[in-house]
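To start, the structure itself, in structure tokens.
Chain IDs A, B, C and D follow the sequence of writing; residue 1 opens each chain.
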Amino acid sequence: MARAGTTPARSKGTSKAPVRPSDALSREQKIELYYWMRLTRSLEERLVNLYRQTKVVGGLFRSLGQEADAVGSCFALEQRDVMSPLIRNLGAMLVKGATPVEVLKQYMAKGDSPTRGRELNIHFGDIGPAGSTRGFLGQISPLGDMVPVMTGVTLSFKMRGEDRVGLVYIGDGATSTGAFHEGINFAAVQKCPLVVIVENNGYAYSTPTHKQTAARQFVDKAIGYGIPGLQADGNDVLAVYDVTKQAVDHARAGHGVTLVELITYRRKGHAEHDNQSYVPPGEIERWAAENDPLDRYLVVLREQLGVTDEEISALHDRVQREIDDATDEAERSGPPVPLDALVGVYADPPAEQPLWFRRDADADAYGTERPEGWGTWNASETKP
Amino acid sequence: MSAASTVSAATGEITYLEAIREALFEEMARDPNVFCLGEDIGAFGGAFKVTEGLLARFGEQRVIDSPISEIALVGAAAGAAHMGMRPVVEMQFIDFLANAYDMLTNYVATARYRAFLPCPMVVRGPSGGYVRGGPFHSQNPEAGFLHTPGLKIVYPATAADAKGLMKAAIRDDDCVLFFEHKYLYRRVKDVMPDGDHVVPLGKARVAREGSDVSIVTYASTVWKSLEAAEQLAAEGISVEVLDLRTLAPMDDEAIFRTVKKTNRLLVVHEDTRTGGIAGEITARVSETCFEWLDAPVLRVTAADIPLPYAPPLEDYVLPQTSDIVRAVRRLAAY
Amino acid sequence: MSAASTVSAATGEITYLEAIREALFEEMARDPNVFCLGEDIGAFGGAFKVTEGLLARFGEQRVIDSPISEIALVGAAAGAAHMGMRPVVEMQFIDFLANAYDMLTNYVATARYRAFLPCPMVVRGPSGGYVRGGPFHSQNPEAGFLHTPGLKIVYPATAADAKGLMKAAIRDDDCVLFFEHKYLYRRVKDVMPDGDHVVPLGKARVAREGSDVSIVTYASTVWKSLEAAEQLAAEGISVEVLDLRTLAPMDDEAIFRTVKKTNRLLVVHEDTRTGGIAGEITARVSETCFEWLDAPVLRVTAADIPLPYAPPLEDYVLPQTSDIVRAVRRLAAY
Amino acid sequence: MARAGTTPARSKGTSKAPVRPSDALSREQKIELYYWMRLTRSLEERLVNLYRQTKVVGGLFRSLGQEADAVGSCFALEQRDVMSPLIRNLGAMLVKGATPVEVLKQYMAKGDSPTRGRELNIHFGDIGPAGSTRGFLGQISPLGDMVPVMTGVTLSFKMRGEDRVGLVYIGDGATSTGAFHEGINFAAVQKCPLVVIVENNGYAYSTPTHKQTAARQFVDKAIGYGIPGLQADGNDVLAVYDVTKQAVDHARAGHGVTLVELITYRRKGHAEHDNQSYVPPGEIERWAAENDPLDRYLVVLREQLGVTDEEISALHDRVQREIDDATDEAERSGPPVPLDALVGVYADPPAEQPLWFRRDADADAYGTERPEGWGTWNASETKP
């Protein structure tokens, strides 16, 4: 594998493997990559509609323009592998088996959502033994924390001799956290079968990369951890697949951690409420016009695989139908019941007791008691 | 300070959030050693826009956008504070104080005692729930710091206090953790007192006078307690509400005064129950006012649960006005 | 398990430290999913030699020397625990839990609730003072975690409990913070009960029966309380001493039982006063046993001071037997 | 300055500055370097004696064999600059103006020691305005924390336009902490006038470097922070001075942070109680025989500067005398008075009140109340 140094290669494989890993993908698989990107984008567009109808309870986070980085990288994993997504990796979660209806219910805080209304947006997962779980881990908000956790997940693979690999995403911004540093360093020392993907999308909330680090590029951090570093164009889904597949194979072969930098761009704000006032004029438009990952890949599909307009529009129809069905299903679900709040902080005791001032009251009443006695509620102000 | 806030032409009121911003403007204008640092506080004006306008007024040297590094933010503030600066650090959400727990409790809190180093700094940020923020954007982690000698803790309930306490916190010679309740940011307002409005740290405020039962509380639940007091007045129960404003140092005298007046105490906070600040208050009252107590000290708090996101769950876990009403009734009838 | 400890030929006793080591040996032998990780725990056997011999017996895969990375240690343990392992993490000193505060309180403590993920893990390490360790090697940070739903906390006082509770902690399906008092490591001994000695979490122990005044305490101050009880017996004051053993979940029933028996309660802990666990205990007792209390609940604790190093200072700040004696006398005379 | 990459230069200056900075040192200054190293070693030897006499209250930490790295690097600073030492930087503290009597009183927990008995060993400092303070900062035990703090100290220099530089030491082991990572990254982005010295002495307590990081060398971490990296033989005091002086000049010129790796060896255990059972046989002896920084420098002084045996033994005598005097003075001091424990947690209130159960008691009694009622006390077991 290419080793990061002062002049790292912009991916393109290595001399040992002149054939791109993606050359081994079938036509169907290559079309599938487009399907996942399209599904990601359309599902987020549906979420925008629901958000505007105030059916989404909290904030809404978009990955517009980054679909290739999430989808292409996760596509390099096997089902038994474990992937730890961040807020902009909806695409990776879908590839790994999360369903649109789960995502919709989660955003709408439904009682039968994957976290039963306890956690927000795409903070949910499904991990455990290979085979019986889909292999994606629910993230928490404090940035960087998933890196040490994935160090532990992959350490367990190593200890048990399981043929499984882990993949964890980290934003350009979150590379500044202590947790990232401690986690990747420990994993590197332990040669855990882990791929760490730095998604360099130019911004952390409003903070541009040059205020986040003085490094010329994130792949330069690999050498400081004594691991290989690879870099790719994050908006070229096949390049993303290639570079991740290399890193996954490296991990699976027992050679340890790789840091992969994917260069992409966050076209929407940090969350839906962010007006991106801090972005230089024209920047977003330029990326949209010249570097949209779906547009770019459509050209590849058409020109190199002879995919027809009919095939594409059938696929678009399928995506729309799936999302419509999922929306119908999600809307039919109700909110959680208040008393479910008490269940499962510990395995033992399995539930907390209601506090004394609740015991004699009708617990269900609390579901409707909105805390709006004072002041006014302005939804636009409270979706940070 | 017109840049800092949008005073309502009709009432002259500004919000809790604007009051904090005004305090930052005034203190930065007054003292060149005051500077701000945090994530996205500059061009963007902060996730909640508390620091909006500061960059334009005071420039990049004094309004520093940082990497996502809470340890570094707190540590760097301490180092600058040692050298005579007065840093004000924003946590994008106060929940992320947890990431700097070592730096705050081990380095900052002990600096004066072990090394005679001044550490005048403020660490501030949006706190608290009732906003559907889920488990990591709704916390009230004050109890985790009350335990550490060397830190001061402020948690205002009103807009006027938010301004006056922020100014006092910035001028204080020790580290002050300044909790800003995000539900109150834009929901409560006050006309700011004229002139250099400084509210001294460590002094509680009687938010409502009463004679039958005392409620000691702070931040969001001051308002819920006042609401409850209003309802209870209709039943003929007269409730006194004490707003602590500063949690460390705690205004023991004010607490004991109201307990000795009404002989019945309810402690209310939004934070979880076990290990929360209500326990400490109960212990102090028990030690000092045992003879005056006509009823057990009771607590209305959140349940011991990571705060869930869905409205029915969040509402169930957090204390509500009706809980306070019920608890006061019980005390009054004791 | 002869490798784990040096049983005194004469008495059959082993120390508190050896008892913990024995528990680790037995649990690792019993369950291949149990493994240890921490700084210098392998070849060196740990700063206090608690893990001595584990590497030789169980190998590098199950006894992992880590970089100096408390965040990574706790996070990696959580990840492995999700996958069915049962990690035991050593903090070289428990003070460094502060460095992993976010990972423990935000990630680990909430995992089961928010994501239905099992997180069976133990984080253990030497805690407490009376050893001239200075401000960063003497802490009792349990109160900073008691506040977090989702964590369990154990702090044994005797060698037998140290073993039995460690075995229970390793078998528990949630994260247990296991505080080991370093002053007790080599100073208290017990004959280990035969067989698979497991002490259930959440159950207090009556360390001495008495009828006039109850002391509720844990860890080092159990011994000081027993010493005080002995002295007070000579004065005709009969003291009951309750050793909590587990702080979360707390054994309310045992606490209420002793209070209802003696009607007088002193809470004693080595930790600092404000925000310490004594406050929580006082609140629970006040709520539940108000009618039974013939005197205020009092607290003997450390002063609110970062623990200083010099013997006269450390001795002054930490609670001593004479303090307990004085406080009990006051309660008895109330 | 040389930039770290795949083939970093083992220091030796740069092409721009072919003259070694140390060439500009006078003969007296070069002899002074030896004086500081000798003072460091002899003072620690005295502490070993006092420790064996149980006059040292806590643990004792040695820098045997590392004196050149501490002394040579700190010698590159001006008085107005601020230095943040670690446990093995006694030499740097002495260079910066800490006195042997302060160090002895501190280790013996005297009432008039720099921290009045509140902190242990060399955890004390003297910082503030240039001129009126000596410019070294008291460390705390949690590793890594001093890096962010020094980021703030040097940020204040930058903000105020002060011509001052900061220098912070970090052990090979402590580079694994989140605090190190966050601090150096923030300082790099802010171009703070800071020098970060990684003292690679082969071990962190018992942990060898290869279990601490997979990086080939610590200087490789520089590129990941976008800062220059320099490396030198830490047992060659002039090489250490040269490389640090370069980094200090770089910082003073406004160019920001440099990471300097000094390669040395910890010849004693982590602390005095550690028997170093984990060290491969012969390793310590080899370093002692072949690579002692004082021995090596004596050769330089004799051969290149013609320093005579008389000069050397006069210097040794001076060191001995200073240490004897300091010991006498330190031994004359008493312990702190118990009530001083209550003073100065906050500026306001200036002192805590005694707790109620102490108020009616004779406070002074607590100074003698040793908590040894149960069990036996074995000093050798309690000095970790």
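Definition applied: contacts are C-beta pairs under 8 Å (C-beta built on N, C-alpha and C of every residue); 3 or more make two chains touch, one makes a residue touch a chain.
Quick caveat, the model's predicted, so the values are computed rather than measured.
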{"item": "Most distant chain from subunit A, judged by the mean position of its C-alpha atoms", "value": "D"}
{"item": "Contact-richer chain pair (by C-beta pairs counted) among A-B and A-C", "value": "A-B"}
{"item": "Inter-chain centre distance, subunit A versus subunit B - centres from mean C-alpha coordinates, in Å", "value": "35"}
{"item": "Rounded Å distance, subunit B centre to subunit C centre (Cα mean)", "value": "32"}
{"item": "Where subunit B and subunit D are represented by their mean Cα positions, the distance between them in whole Å", "value": "40"}
{"item": "Subunit C residues counted as touching two or more neighbouring chains", "value": "66-67, 69-72, 95-96, 98-99, 102, 106, 110, 113-114, 135-136, 149-150, 304-306, 308"}
{"item": "Residue list for subunit A, restricted to those that touch at least two other chains", "value": "115, 118-119, 123, 140-142, 176-179, 182, 185-186, 189, 211-213, 345"}
{"item": "Touching residues (chain side subunit D, partner subunit C) in the complex", "value": "57-58, 109-111, 115-120, 123, 140-144, 173-174, 176-179, 204-207, 211-213, 277-278, 335-342, 345, 352, 354-355, 357-358, 360-361, 363, 365-371, 373-378, 381-382, 384"}
{"item": "Residues of subunit D that touch subunit A when the two form their complex", "value": "3, 5-6, 176-182, 185-186, 188-189, 191, 210-216, 220-227, 256"}
{"item": "Interfacial residue positions of subunit B with respect to subunit A in the complex", "value": "39-40, 43-44, 47-48, 65-72, 92-93, 95-96, 98-99, 126, 130-137, 182-188, 223-224, 227, 273, 300-301, 303-306, 308-313, 315-318, 320-323, 326-327, 330"}
{"item": "Touching residues on subunit C, where the partner in the complex is subunit A", "value": "35, 61-62, 64, 66-67, 69-85, 87, 102-103, 106-107, 110, 112-118, 149-150, 152, 172-174, 249"}
{"item": "Subunit A - residues contacting subunit C, complex", "value": "115, 118-119, 123-125, 127-129, 137-138, 140-142, 145, 147-157, 159, 178-179, 182-183, 185-186, 189-190, 344-349"}
